[in-house]
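Have a look at this one before I ask anything.
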Amino acid sequence: MHHDPSVTHTVGHLIDGQIVADAERTQPVFDPATGQATRSVALASKATVEAAIASAEAAFPAWRNTPPLKRARVMSRLKVLLEEHADQIAELITAEHGKVLADAHGELQRGIENVEYASYAPELLKGEYSRNVGPGIDSWAEHQALGVTAGITPFNFPAMVPLWMWPMAVACGNTFVLKPSERDPSSTLLIAQLALQAGLPPGVLNVVNGDKLAVDTLLQDARVKAVSFVGSTPIAEYVYTEGCRHGKRVQALGGAKNHAVLMPDADIANAVNALMGAAFGSCGERCMAIPLVVAVGDAAADAVVAGLKTAIAAMKVGPGTDNGNDMGPLVSRPHFEKVRAYVDSGVAEGATLVVDGRSLQVPGHEEGYFVGACLFDHVRPGMKIYQEEIFGPVLGVVRVQSLQEAMRLIDEHEYGNGTCIFTRDGEAARYFTDHIQVGMVGVNVPLPVPVAYHSFGGWKRSLFGDLHAYGPDAVRFYTKRKTVTQRWPSAGVREGAAYSFPSSR
Amino acid sequence: MHHDPSVTHTVGHLIDGQIVADAERTQPVFDPATGQATRSVALASKATVEAAIASAEAAFPAWRNTPPLKRARVMSRLKVLLEEHADQIAELITAEHGKVLADAHGELQRGIENVEYASYAPELLKGEYSRNVGPGIDSWAEHQALGVTAGITPFNFPAMVPLWMWPMAVACGNTFVLKPSERDPSSTLLIAQLALQAGLPPGVLNVVNGDKLAVDTLLQDARVKAVSFVGSTPIAEYVYTEGCRHGKRVQALGGAKNHAVLMPDADIANAVNALMGAAFGSCGERCMAIPLVVAVGDAAADAVVAGLKTAIAAMKVGPGTDNGNDMGPLVSRPHFEKVRAYVDSGVAEGATLVVDGRSLQVPGHEEGYFVGACLFDHVRPGMKIYQEEIFGPVLGVVRVQSLQEAMRLIDEHEYGNGTCIFTRDGEAARYFTDHIQVGMVGVNVPLPVPVAYHSFGGWKRSLFGDLHAYGPDAVRFYTKRKTVTQRWPSAGVREGAAYSFPSSR
Amino acid sequence: MHHDPSVTHTVGHLIDGQIVADAERTQPVFDPATGQATRSVALASKATVEAAIASAEAAFPAWRNTPPLKRARVMSRLKVLLEEHADQIAELITAEHGKVLADAHGELQRGIENVEYASYAPELLKGEYSRNVGPGIDSWAEHQALGVTAGITPFNFPAMVPLWMWPMAVACGNTFVLKPSERDPSSTLLIAQLALQAGLPPGVLNVVNGDKLAVDTLLQDARVKAVSFVGSTPIAEYVYTEGCRHGKRVQALGGAKNHAVLMPDADIANAVNALMGAAFGSCGERCMAIPLVVAVGDAAADAVVAGLKTAIAAMKVGPGTDNGNDMGPLVSRPHFEKVRAYVDSGVAEGATLVVDGRSLQVPGHEEGYFVGACLFDHVRPGMKIYQEEIFGPVLGVVRVQSLQEAMRLIDEHEYGNGTCIFTRDGEAARYFTDHIQVGMVGVNVPLPVPVAYHSFGGWKRSLFGDLHAYGPDAVRFYTKRKTVTQRWPSAGVREGAAYSFPSSR
Amino acid sequence: MHHDPSVTHTVGHLIDGQIVADAERTQPVFDPATGQATRSVALASKATVEAAIASAEAAFPAWRNTPPLKRARVMSRLKVLLEEHADQIAELITAEHGKVLADAHGELQRGIENVEYASYAPELLKGEYSRNVGPGIDSWAEHQALGVTAGITPFNFPAMVPLWMWPMAVACGNTFVLKPSERDPSSTLLIAQLALQAGLPPGVLNVVNGDKLAVDTLLQDARVKAVSFVGSTPIAEYVYTEGCRHGKRVQALGGAKNHAVLMPDADIANAVNALMGAAFGSCGERCMAIPLVVAVGDAAADAVVAGLKTAIAAMKVGPGTDNGNDMGPLVSRPHFEKVRAYVDSGVAEGATLVVDGRSLQVPGHEEGYFVGACLFDHVRPGMKIYQEEIFGPVLGVVRVQSLQEAMRLIDEHEYGNGTCIFTRDGEAARYFTDHIQVGMVGVNVPLPVPVAYHSFGGWKRSLFGDLHAYGPDAVRFYTKRKTVTQRWPSAGVREGAAYSFPSSR
């Protein structure tokens, strides 16, 4: 592996512009392709997290008073630095997460788009001005910064998800404490260091690595005004409840089980192509992955199962450092075992396992966390592989007889993150997009992740809170409204001037 | 009192378009000017609240599909009906709350402005459309209705505060369950009946009267997606924590202790005038009232105390049914006693009681809850009358030596609802409005309540949540974002037509 | 005919709140169903138009200072009055224009929607506010009223098109001089009188009837700041050139020749239904009418021609006062003759006249200007009936072999007002809406007139100017931007207070 | 002078990505500090301009289909290139225009801000989306590119003013033909070349140098859809009339005579400082310069005249290549003579010439076009130096006795570009900003040029058209609205699927 000099053997924290190694507690960081620990990461103590918060609080007054245009320009410079360091960042992602390099580059690219959006801050922060709300009275609303804000991010997008949060938060004038995933901390930290290099003052962005202790400290400290979270639904719910209980604003994004509906008129070849990436890209470890296809009619179901089977046979699985591979390993040994157990349970519950990837071996990487693509047919609601988020390369086909039946399934599911319909028919697409109880909807787009200038968020138990992540909603989440109403007394210098001066002639 | 035939002796609930009397538990409703119970109000059981929620849930699908323009037109018609019934509504407010009729009319007028704003729904609900987010891919965001939403409102504005909530909620396509204050329920209910008359389908707006049991049912029922609350800070915090714990979005507006800063250059006569209304209007029972003046410099302090003393001497206190009175009674006997106890404590803690209204008697209304205006000088931080929300006609003057000192006091206070500065100086106003940690700021405007097309909300412990009440923020609070990403397969009817038809010539 | 007391035998002007009869020149107003003159209309002299401008100029300062909310409320009241007087207005339209009463009601309803939109003025007029454009510098933009504005409107929508213009103009704080069509002036005038009744101060809206002299006076008078025009393209071009030459802002909407594309997969029965209304409604005298169907493939062409032939056979033509009729007379005798001549020319140029309405007789209305629906097949570019706007009940079918060919025809045509595609296919609709060089595009909607909260405008020679009519663009057209940049000197009362007072203790 | 290899001895055109030297007609380019011709510039023939238009037209379809985000990124890259080449650009500006290098850098910086704003295109181009404008009908509005657009720019800001125009035009998807000033063409051309280097495809931006022939060709060619112009008022009026006559949309910014009002309470030292830069910066050759101070009261007038006299005595005038100088030469010999003649006329008409800069000599630069700062007191309306735009370092003081009198003067002046008030008083500032008939207003800001995210434009005869330059208005100016209304037939694949498939089981 490429050795990166900016990463120490123990990944530390970034507090007040300095790398701080917190030696008391550490945890190993593994290379999922080999199963070997390659470095360790410091786990922050309560005092360390509080030091980060204190740094952010101290940096706030000056940063808040920095004109939005100047804050935005730090983002523009960061964008250039991220492009320049893209290879290095992608390598760190692959080394700790396992995803294929091209996919790591893709992740970074989406993150860069959020940095671009944050660079629009002068436009995004415009308030509303009303002359003459009453006679001689004017009023305007501003979107002012909150103060110290925080983010807690998951392992599956160590570069992108943090970039959903802090660039917009700091562009809005806040300071930030980020607690990234302790499983793949290095790319996150490098990006934060590049932000300093781009001109972000020390203390405006702090990174603390850690575990539940760090999370709880952020949720409970009164100086933290807002918390953004992305992770699993149980933790999202905990973060939302606990953060709100401490009077904060919280947006907590949780799990997903995204269904793709395949209509009888869909272009099957296109759909198969799209589904391969959506189901198996990044080993299925994406909250926008498609683990379920709902085929309307047996003809569509038969065709898509046949097409997927053929396509899976052509997939290459191996270490992410080789861009010739389509899929890398899962992130960790416990997760590897959990995913295989899900496949076992699907067989046990009666689904038809069309392709079985459990026994895959990658020569020379026998200790890596590799699972081959698995395809189930005849999956039914109630089965564990239907209800639960597997976060692995397991795709199930559900057979229904109408769009209405497909939509009922989706609406009855616990999650409502993303969904997609494959069809050529305008009416079907319109009906689906209007009524489906899901926050992000694709029409022939299997991963309808909104672009950076729209916002990301699911419905139902996929998101707790009222504002979505990044895009326009992030401006609202990271600012509070101040409304000024102004009237001036009538007898000021104006009349004074008018009456007093003529007599001086 | 004018007898209103639409109000039965026991004020019931409005569920599914019908008045429902829930006989099991009731509570008396008093006329604060006489201390007499004039009617009773039903207190909803859990089953009654659930029936209201069920009605709202059943009404949702059709209402959500009703075009926004048609929903908006119900608001336009309601506006006309509210204007036609203004006298009747104001009389009900005065009879149960005690405020002077002119003030009740003023309250209704502000509520009508929220109905007007809700009638702009077709404009307010516009989403964002992006052609070509990628080659051949379009994306747009919609603001879709949530489903069943709920509001819990306080005694002090029985007409206005409910109108902050449900008109915008239903204009956005939601259905609503309102739990108004049980102390003055009649005007609220009449307005809801007028909404039906204006064309709101049964079940779209339901009203349940009740107590904590009703509140908890709303907070815990999974069918309720969002809760708006206005009341005291402890209850607001409870509602926020409890509602969020059940996965809902919540906005909870709490208490206030608004400071007005008097600068040395202020127009004292104007300021005195403004402060009289802001401190004593509606007997100080407003979360935007000014109970504290912070005078910068002793000259300003001396002048404003002298001016207020003179003005208070000219005030008329008596029943709200007589528009010749400036101030009516407090809302209830317990509150009457609590306010008097605050005045006692102020004296005990060493503030100078310049005007003492405790012994006021209104002839013929000896049992009414009347307290005269009270004025303290030399109030200091730490005193109970400085720290706590009194919600009565008690105005305190704090003396400081600089604007910075005044602002530090305000920023260190628990609440951050409203504040105001009296000055002629542009720079002082700019510095104050930019930096003060308060959500609604007036410049020579003592009650900077935002107009209906801006949003209402305090900072610090005056509001829990991230979106403010009414105005633009209410559109976001009462809708959730759905983002659609759309690509069409390229080989559709278009190419089919292009290739097949020429050969048929 | 219903006799309306507000309409005198000679229709006069409305200047400064008074009806002014300008006796020097008049012109008869005809009932198109009978060919009889029923009243006359005054034709304004230059002095009369200048009096109207002077009235508008005098009314401007006070109206401009009236808070937007108060201006908006006049619109709300006008809406109610228009609904109350709908029958009377519709009868006046039918009596002078000829269209069927139900159609006149429809026209009025669309006009009312523009009044509703104007009532959103407080929201629409919000400017943009930026704190800290530089250190200590704030900036905001306002949309201020222009002053005197003017509108010149056509005969075909005497109620609706004026309501596209002046309600938004006056809601923005301008005053207005309207010159409606002299062929059907009565409904326009009645509506203006209702606006006064709704609370519009005298002089804010003035109406002058007249001819080119009135138009030229408005275009040349320096006090008129903006002109909105709807009419034919040659006049629109003249108005644009002449108005711009006098330094004004001008939006001039001209003619149209809207094509509907029928794809092979279209639902033919639906399309026929839609086309009947779009081609023959209001006798084809609409700039959004569909006079041309472009059928892709002969199968679609054959089917639509057959369907239209059958449907035309079932049409009822007769006086507009009878709602049982589908189509009334043309507006005037010269126009009646012009339309028949177009049909003659189509035959002469070789198109196939499938249905010939030229010889239609309406018993008892032999002098009325009735022409029956005409249907041509095999219309080709270059024919007069293809190139020119007929503004009569003449529908032509053009046959092409691909969507690309259909779009080329449309893009090469002089006009670009409206168009429509009939298809079920999402891709075809997307390609068409993205690329077609037309301003208003329908997908299975034959008359894609934007709703009042969007804006109306064609492309190419259908509109001269850069902002469309009504909706959001109208706010920009009827206001000018003022941008304020503000910094306060630092050593004001604030520091004065801070330094001087402590020493005075 | 630094020799720039990209500038040939004869400055050519940039057409279709290539430098084209058009040898037929040329004109010398002078160094104003020495009076020497340093190079020549080609003057385009009609055919050359038409070639540029043809190139732009050919480049349009592909560029228009390029996703906005990709177009925006060209702007981000251009920003970086402009920062990297800032010294070279500034040197070219100074060499041909004469302004001091620091001022040239300042100009470029403002231009870069417009490039930044153009990089927000994905956000700025969002259209408005309305679900359910009627039952089952959706509508949205897009802002589509116009096609070929053009800009004609003045000598005084050869870098900045072109950057007001084409970056936003091309970011919106248009292609562009720029005709810059022939007096200082080199920096403009270099910037265009950098845009190509940043990734702008050939033909998207073309530059033609030339004179009236080029201007007229652009105004008359039907392929050019929109023209932006900045220059003097007579030419602006010609461009507006002529462009509109050819059916285009035109925004034409003309001259100015900006008044600064000095209130009796103003901070005189600050005001003098501010006025020195505003009056004499860039030798007064700015449309936002302040050539007139209106002092309210003789005390303020006496003080400001005294202060200015002292400050002028300390000014350094000399070649712009020396940053130690405060002011460089005028742009050309004819202009040098014209400015001196204005000073002569002021003396002749009776104004008091307090400081006379006419006889200034810069040693070693005797042939340079240097005029020293001139200060007049007792200037009065009617004098040529009051009425006309001098565009030189001549500042006049007008004495009035009230703010109302000052405002009347401003409002009666032909121009309404910029103005400013110096005061501490909130009420005076509010009254002034609300009522003054000027488009850009400063409060204690002498050059209230809006930041790039607001828009630039004057009122009265300072701007012809309805949309201002750059900022939000530029998005509207460089796009046309397309409104789509969409309904899908109900019996599509959805019902088909629902009914047909169950029977197939």
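As written, the chains take the letters A, B, C and D, and residue 1 is the first residue of each chain.
One rule holds in what follows: contacts are C-beta pairs under 8 Å (C-beta built on N, C-alpha and C of every residue); 3 or more make two chains touch, one makes a residue touch a chain.
What you see is a predicted model; the values in this text were computed from it and never measured.
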item	value
B-D or A-D, whichever has more C-beta pairs in contact	A-D
Distance-maximising chain from chain B - centres being C-alpha averages	D
Separation of chain A from chain D, taking each centre as the mean of its C-alpha atoms, in whole Å	42
Chain B-chain D separation of Cα centroids, rounded to whole Å	48
Residues of chain B whose C-beta touches two or more other chains	69, 122, 126, 128, 130-131, 133-134, 141, 423-427, 429, 443, 451, 453, 486, 488-489, 492-493
Chain A partner contacts - residues on chain D that touch it in the complex	69, 72-73, 76, 79-80, 113, 116-117, 119-120, 122-124, 126, 131, 136, 138, 263-265, 296-299, 401-404, 423-428, 430-431, 434, 451-453, 486, 488-490, 492-494, 496-498, 501-502, 504-505
Sites on chain C touched by chain A in the complex	65-69, 122, 125-135, 140-142, 144, 423-427, 429, 443
Parts of chain D lying in touch with chain C, wherever the complex brings them together	128, 130, 133-134, 137, 139, 141, 226, 237, 240-241, 244-245, 247, 249-250, 266-267, 270, 424, 429, 433, 438-445, 448-451, 453-457, 459, 461, 464-468, 472-473, 476-477, 480-489, 491-493
